């Protein structure tokens, strides 16, 4: 079976041994939880194992041959990631432990910024109601701690940003606008161009949470024109323990350091310290060396498939899922019902069955989905639901898996006697 | 891991027809507990009269397991002494944390024995315990308050 | 060859494939840079690869079978680590990305603490002159940002803490005392009991940087009685990308959150959020899941050898190295010259040859050591040197490797014609 | 990777007898540069007279490579015009970053051709560039200052 974009999904699945697993009751695994974390191809896992067993050393600090090998691999991964998202400069790529840390890094450094960048009472920070908690809580903390005001875009009934008030919401008091590129719950792809244009018109900094975007679509940060973009390794066939912060160089230079210590310094005396230029300035301590190398291998893997092909597959499989799920009585998709400006996460409710019970039943059929608020409780509140069940797809998802999901949902309804 | 062990008929019955649900007066303590992982919530009130748990009223949003657990809790502890209630909590908790190895005593736990199957599903144990933990918290507060008032 | 403590070093070396590597010029690798980062046994690398390829899922959030497997493995690692250092409770173990983040977590949460824990102008924070930058810079930032004063223990000529002024240095104004258990540069093992007793007598919090201690010696946190202890995975045969913060529960409960988002919450609305109890409170976002599992495997590996045996080997090999290095004319050890209350890092200078040039020459013989300030620039300043060369040993270091080092140093002297 | 390629006789000679070391007056700009990885430091002064680099004086602490680089820098740029100096910097920098593939021009780089071997040791390239980067920084400042004074 060949995806619209041109790779053979069945062949690709062979790169992911876990997809061949048999679960309890002899059921083959149907993994539909990739928005939570993606599976990893052997190439990524092998690259890390090989590094640990053959080339392991600390980076930057070590000048011996192993140190040079490790540094070359680590800094090479930075080059790979910069190229993967077409960052203006590889020195604008900061490795963090995940996307959450990257977002907190920005909020936290603004909290400690002085001069022009300082956040003061009366300043406004704008986010949206569809954000992941990791793009809400850091800004709440920043607002609390600086006296600034947190404001947000509401959502339309279809699950899109309500842009009708954009000119009021983003105004001369606005210092930072932060928004997800793709929602992890609703699947919505947000119109970044409009938001960035307005934010820059009033002189605000734009932070983009691309955690669900970078895995799914070709990304060109140079073209995008945001000020900060973050994403996370484990959702893009990479390892856990690594995230990426891209920041415009001038901003990274101006912001104060985040974590202190290790290699982020220029010189240290007991009285005072000066700091290295970015990206080192924001990478205190021994970085996630091998995780960066794994992430580089993940980017290479994705590039091998072609991000256009990955995006085409995602679109196609999501459209099929929305169509098939739409046929189930009592099922309501929360979020855009059409595969237009939409990522591959489909959250839904089912009349008469609680999301946990749905996911439990599906799990008994070997189908892994997520139930709960998906770290997007405000978006759930907006739609008057406490929880949803979410099926999310990725480059290895097949039509047969969607069919299994639909059959599983129907069987769940029978089990709980709601049809 | 057979889901039928989890979704016993008794549990589904309590889920459909929860006993004692709704928030009532009088009460000495009200608590709000959340399962942060999944978002299940319960607001629970306890009315203690002397030594006796006179009422447990609640407003719960959540899955079949947490809803049924609230209903069974209400059945079991209302009318018992506080001490008996805590003993039941202990009994229920060890059943839940027994990974399916603990044999429940029907004379003590009544309908709650149906939760034996939940113990085989570690991710759901928290669901079953949510109302019980809320009850523990509220009852401790109610008792502390009473003791204070006496003093 | 059997170590004093009882394991067979040659057999142990077979667990570390990298130790069999041949470097440029056909030289066998002599890895003497373990204080920088340790090598990894196959068991640790395999445990992580196996997890990625067979059990990978996100933790806590996922209720399906893979999620349960991943959560069990991750939380099992927390149990393993708690047991490894005999922590009073497994819920006091917070996973961070490295030791540096753990130290910054403490400094940063104190910076935002309110009420009793708030740091105010006039308050004092005490550190020492032998700390790693990661245990200096966070406290400088805290002091700058709160108006507190940073003070420090000086060093004796032998490289030990000068405790003569302890009663003045740690006084009623002292809020936090932070100290390395074992110095990564001098090798000094600090007398924590004396410092903890004095700090607690004045009501100060004690933070211990155990980054060089936990890899080398049996550690009993319950017996130690500090308030916070941090260490790092990659120095104890574990992976990069993971560190550990142990904190007394009451303190972790009182401190405000550090990073916001993901699973650190209890409930989130756009207006405000409440936070989960520790350890979740301090683990925002997807944690370093597989790195924690790898660290658990590392602890199991060390336990298999026996930490008493590891410590005995370290003592014995360090004593041998100090003796042999003492025989070299023009070589000066910076730090305690005897293997008493001393870890396995030996920093030295060589008359007439700069440390970089020493390490370069040694590298050409296949011997990996570190040259520079080892992230302990103040300690170097104290001894009037800008840089040193450091050889550091671990459980797999052999006498033959020490002999190779000594021969390498002598040949370096010949090469640069200083003897 | 033969260390002999790195430690050329010329380099060791400059290391033992550095040319023009010590800080001198007059100067228009003084900078302090550090290699944070290893701690090598240099304080460097530039005296520009009209178009000419009249003096480069320095106080450097560091390894043979960084010390010798400062000495060779002094030899090369003192007496040249600022423009010629920057051209030499370019030439030296591309030699250093050429990973051993660039053939140095002895007529231009004189003793600095001995650094060709350094290019094969990526970790040491920073050592060789430390004084040059300091010189670049200081000269840019000195020139900027001169331009300002004129304006």
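Labels for the chains are A, B, C and D, by order of writing; each one numbers its residues from 1.
Basically, a residue touches a chain if its C-beta (ideal position, glycine included) is under 8 Å from a C-beta of that chain, and two chains touch if they have at least 3 such contacts.
Everything quoted here is computed from the prediction, not taken from an experiment.
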Chain pair with more C-beta contacts, B-C versus C-D: C-D
Centre-of-Cα separation between subunit B and subunit A, whole angstrom: 38
Whole-Å gap separating subunit A and subunit C, where each centre is the average of the chain's CA atoms: 31
Whole-Å gap separating subunit B and subunit C, where each centre is the average of the chain's CA atoms: 45
Where subunit A touches two or more other chains at once, by residue number: 24, 61, 63, 65, 67, 263, 265, 267, 356, 360, 371-372, 377
For subunit B, residues that touch 2 or more chains besides their own: 1, 37-38, 41, 124
All chain pairs that touch each other: A-B, A-C, A-D, B-C, C-D
Subunit C-touching residues of subunit B, taken from the complex the two chains share: 1, 34, 36-38, 41, 122-124
Residues of subunit A touching subunit D in the complex: 60-61, 63, 65, 67-68, 71-72, 263, 265-267, 276, 280
Parts of subunit B lying in touch with subunit A, wherever the complex brings them together: 1-3, 6-7, 12, 37-41, 61-65, 67, 121, 124, 127
Residues on subunit A engaged by subunit B in the complex (per definition of touch): 24-25, 354-357, 360-361, 364, 371-373, 377, 380, 386-387, 415-416
Touching residues (chain side subunit A, partner subunit C) in the complex: 17-18, 21, 23-24, 29, 31, 33, 36-37, 39-40, 42, 44-46, 48-49, 52-58, 61-67, 97-101, 103-104, 107-108, 112, 129, 132-138, 140-141, 145, 150, 152, 232, 234, 239-243, 257-265, 267-270, 272-273, 284-291, 356, 359-360, 362-363, 367-372, 374-375, 377-378, 381
